[in-house]
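One chain, chain A, appears in both complexes that follow, with chain B as partner in the first and chain C in the second.
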Partner chain A sequence: MSLIKKPGGKALDVLQNLPRITLANLRPEPGSKQKEKRRGRGQYGGNRSGRGHKGERQRGTRPRLGFEGGATPFYLIIPKYGYNEGHSRRPQYQPLSLKRLQYLIDVGRLDPSQPIDLTQLVNARGVTIQPQKRDFGVQLVDEGAELFSAKINIEVQRASEAAIAAVERNGGVLTNSFYDPISLAILIKPVPFFLRGQPIPKRMHPGEEMVPFYMDPCARGYLAPPEQVQQARLALAKKYGYVLPDLSRDELFHMLSSRKDPRQIFFGLSPGWVVNMADRKILKPTDEKLVQYYGS
Partner chain B sequence: MSACFTLRFKMIHRVLRCAFQLPGPSVIRLQPMCVAVGEQNPLCGTLETTKEYMFVERLIPPTRVPVPPRHDGPAPSGWAPPSDVPPSLPYMVRRSRMHNIPVYTDISHGNRRTTVLRRVEGDIWALDGAVKELLKRLTGTDRTTQVNEVTMSIRIKGHYDKEIKEWLMQKGF
Partner chain C sequence: MAAPVLAVRTGILFRSFKTFTTLKPFIPVISQYGVLTQTANYHPKPLKLNLKDPYIPDKTSEKTPEWQLTEKFDRKRYGRYGDASGIDPATLWPTDEKLEAMIKDEAEWHPTLEVMLKNISIREEEEAAKRRAKEKLIASNMAKMPKMVADWRRERSETKKKMAEEKTRKDKLLAEARERFGYAVDPRSSKFLEMVAEVEKEQKKKKKLLKRREKEEQAATPLAPADE
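Moving on, here comes the complex of A and B:
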């Protein structure tokens, strides 16, 4: 750029021509400092100093907040109800709008020619997941569904119906899959995990309450049978009024159809393997029992 | 319930496994104790190099902000790159590290809303005048602004980030 940044500008010119600044030259802007109110300094010694006349008010012996003079107070008369019971144990899902997803793809932080999963989203600094705060992953929110126009293979933990429709309308694939907290922590920070030298663990199956959701083809759950998922795709296309693009003729079909095994955390890496980043090698177990355990 | 549960999973496993990129670990019949295999290493287990290591490389987070790809005009999300030729104005507004327009909103004391326009270079007073004129045209009133010549930023009373971002993008900054 030919423009030179000159810090100070006019202020600096003025400053250079004035005499040296000392405490004797400085004064606050008139009207900026308001004198504080001091009690008990009024006419005739201040009188009651804003405390009122006799009683608990002047003497400072009022009862506690909420006390209603002996009647059962409001906060005791209303019965308890478990609105917030177990709130700190409920699974949370960090929202990701379609608008932000489109922005990340446009700016080049996400690569739509590779499957997008939570690791890719976190590496692109698109979302921040905190497994310690009961985050179970990311949810796709349908803000920006009208301007979304990217063909992607995305894996999230929860997605609204309109978001699924927006992704599939553009010829993409969406999967809802579950990660237990340990697998999630490994998924969002793979490099510190590999440096630990531990074998990649198996991903655990969802708990009893979440299983119906992840087996539901309408929610594109990862445990749902593929034929039912295809039927659900057609039904959703009919409901939202768009033509479902035929993926089998797509050049990116192989990438769009690639999905993880329910026990797999990373694409291409099986449970049981140890990654050696220093030597750029992968160690695989050969003991029969280990192979059987990690393969189950 | 639990019996049919596990059965269902096994069935799903079998159905889905065939479609996946899940190469099973290569099994070599060995004695159960740790014995050197293949490439004379004292640890037990086979070593497999770059064949699957590329999947590990995909997982490493990038350390630098990627260069945005070229678009014809504005992208679907509304983002547009700065014009190749900077506009011939006495001032310049650079993009942020993440290639965005450096206009931010601020709130203090819960109700004091301001808009900050940072990363200004050149004649900041001319930009100040232009911003004041733009807001006069849009709102009909004079908006108070504060010019900070040391940090080269302009602070405007009120939330006008969308309007100013659009205006700057249309100018080509």
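Moving on, here comes the complex of A and C:
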């Protein structure tokens, strides 16, 4: 007698023997639908319909929000100061907490056995980036650093020190790299870009203000020399008090060490190539000038 | 009849789809809840490229809108239909003139890393020099401070003394005037001023007499020993 338990068991039996699902068999989960408030009906809802007694309240003629009966209102009496000056020119970075990253990996939306890029994050619907709204990418926030336990090769645009420590403590790798707005728009929506029939552009360097950040090994910048980055990894491990795992012994060493060229937008695709989605072909330029331009 | 259909439907969840979606064979993970194997994957939206019936605008006819005769639209058609659009792929890349313009723009608006680093270093040096000069100035001024404080204190005490002296002198004169005239004289009146002038004259005479006497004494004393 085989006592092998069927996965599902009685529930599967029931499911297989029930009639087909129709609208007549469905009902919402009890407690999920809340009845709407209907004004002007019944003994208590009727009469003044929740509007109060006479005056501007009942008659709906109250003045605008902020009006203080003629006195100079608060929002005008307080003098301006340059807190918001140039706010529309400031680069913004969509936050991504380590908690959310762990969730995305756990439910299978992100694949930790491949490098995690902004394209992967957007495909997994983990973050929403709007390049037209001064978004320059994603920043890794250290909320959930205690729960984080995934070994990943992740590329973000900004990361806090604690987030870097949390990623490296689990044997992962973090890189901060810069994407100019055009490259960013291509990165987050690659397929619509390929359908445009344009050659892949070069990724531009960051502006003068951001160059020191992306050359800083402590911030794991993509322009920083690798030896200094290794030293910074050791220093951070000492600071946060964990043992830095040796990546050269790792089975995923090749994946973890794969990094993009500073001018490259996609892994495996160089600037200057044209991707033909219909025929599944990649076209590469052969003209010297073009090769030189796209290779510089 | 319903059962086999349902069996197929439930079966699909535990099998993987074949053609379109990317199969990711995951290594089973052993966690506190048992062995977990991922079965569901990301299914991207199907790309509707419409390769069977591509739209190719008639370049010669007048009825085709202008925007369908542009290079940009040609590139989009190639991107969408591929070789079936009938466009020479060599036109997708920029021409020589356009390439030169692009290189020129880049040279102007996107300086190389070396140039940027140089600018940064120059700027930082300037800032550091400014800061150093400021700190030097502050240090030198602070070094002068004890002396300046002592000077000020000394001056303050001196002015105080002077004021006290003035006051005593004035009080004396007032007392003199009171004695002489018999009533409190207003210091601003002409009588008082005349009296002050007289007092000063008398004082001067006294001084002169004193000086003469001193001179005579001095003249007397050296002569006396010289004589002896």
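Basically, the second predicted complex is superposed on the first by the 215 of 296 C-alpha atoms of A that agree within 3 Å, B and C clash if a C-alpha of one lies under 4 Å from a C-alpha of the other, contacts with A are read in each partner's own complex, and residues count from 1 in each chain.
In the analysis below, a contact is a pair of C-beta atoms (placed from the backbone, for glycine too) under 8 Å apart; a residue touches a chain by one contact, two chains touch by 3 or more.
Please read all numbers here as calculations on a predicted model, not as lab measurements.
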Chain B versus chain C as contact partner of A:Phe194, first or second or both or neither: both
Partner chain in contact with A:Gln34 - chain B first, chain C second, else both or neither: neither
Which of chain B and chain C A:Phe148 touches, first, second, both or neither: first
Which superposed partner A:Asp261 touches (first chain B, second chain C, both, neither): first
Partner chain(s) touched by A:Asn123 [first = chain B, second = chain C, both, neither]: both
Which superposed partner A:Asp287 touches (first chain B, second chain C, both, neither): both
Which superposed partner A:Leu223 touches (first chain B, second chain C, both, neither): both
Dominant toucher of chain A (residue count), chain B or chain C: B
Touched partner set for A:Gly295, first chain B, second chain C, both or neither: first
Chain B versus chain C as contact partner of A:Gly9, first or second or both or neither: first
Doubly contacted residues of chain A, that is, touched by chain B and again by chain C: 12, 108-109, 123, 191, 194, 205, 211, 215, 223, 272, 274, 277, 281, 283, 285, 287
Sites on chain C touched by chain A in the complex: 2-3, 6-7, 10, 24, 26, 38, 40-42, 44, 47, 49, 51, 74-84, 89, 92-94, 96, 99, 102-103, 110, 112-113, 116-117, 119-120
Residue numbers on chain A that touch chain C, as the complex places them: 12, 15-20, 108-109, 111, 113, 123-124, 191, 194-199, 204-205, 208, 211-212, 215, 223, 272, 274, 276-279, 281, 283, 285, 287, 289-290, 293
Chain A to chain B touching residues, read off their complex: 1, 3-5, 7-12, 99, 102-103, 105-109, 114, 119, 122-123, 144, 147-150, 190-191, 194, 205, 211, 215, 223, 225-226, 257-264, 266-270, 272-275, 277, 280-288, 291, 294-295
Chain A-facing residues of chain B, complex: 5, 8-9, 12-13, 15-17, 19-28, 30, 32, 37, 43-50, 52-56, 58-62, 66-69, 71, 75-79, 86, 90-92, 94, 98-99, 121-122, 124-125, 149-152
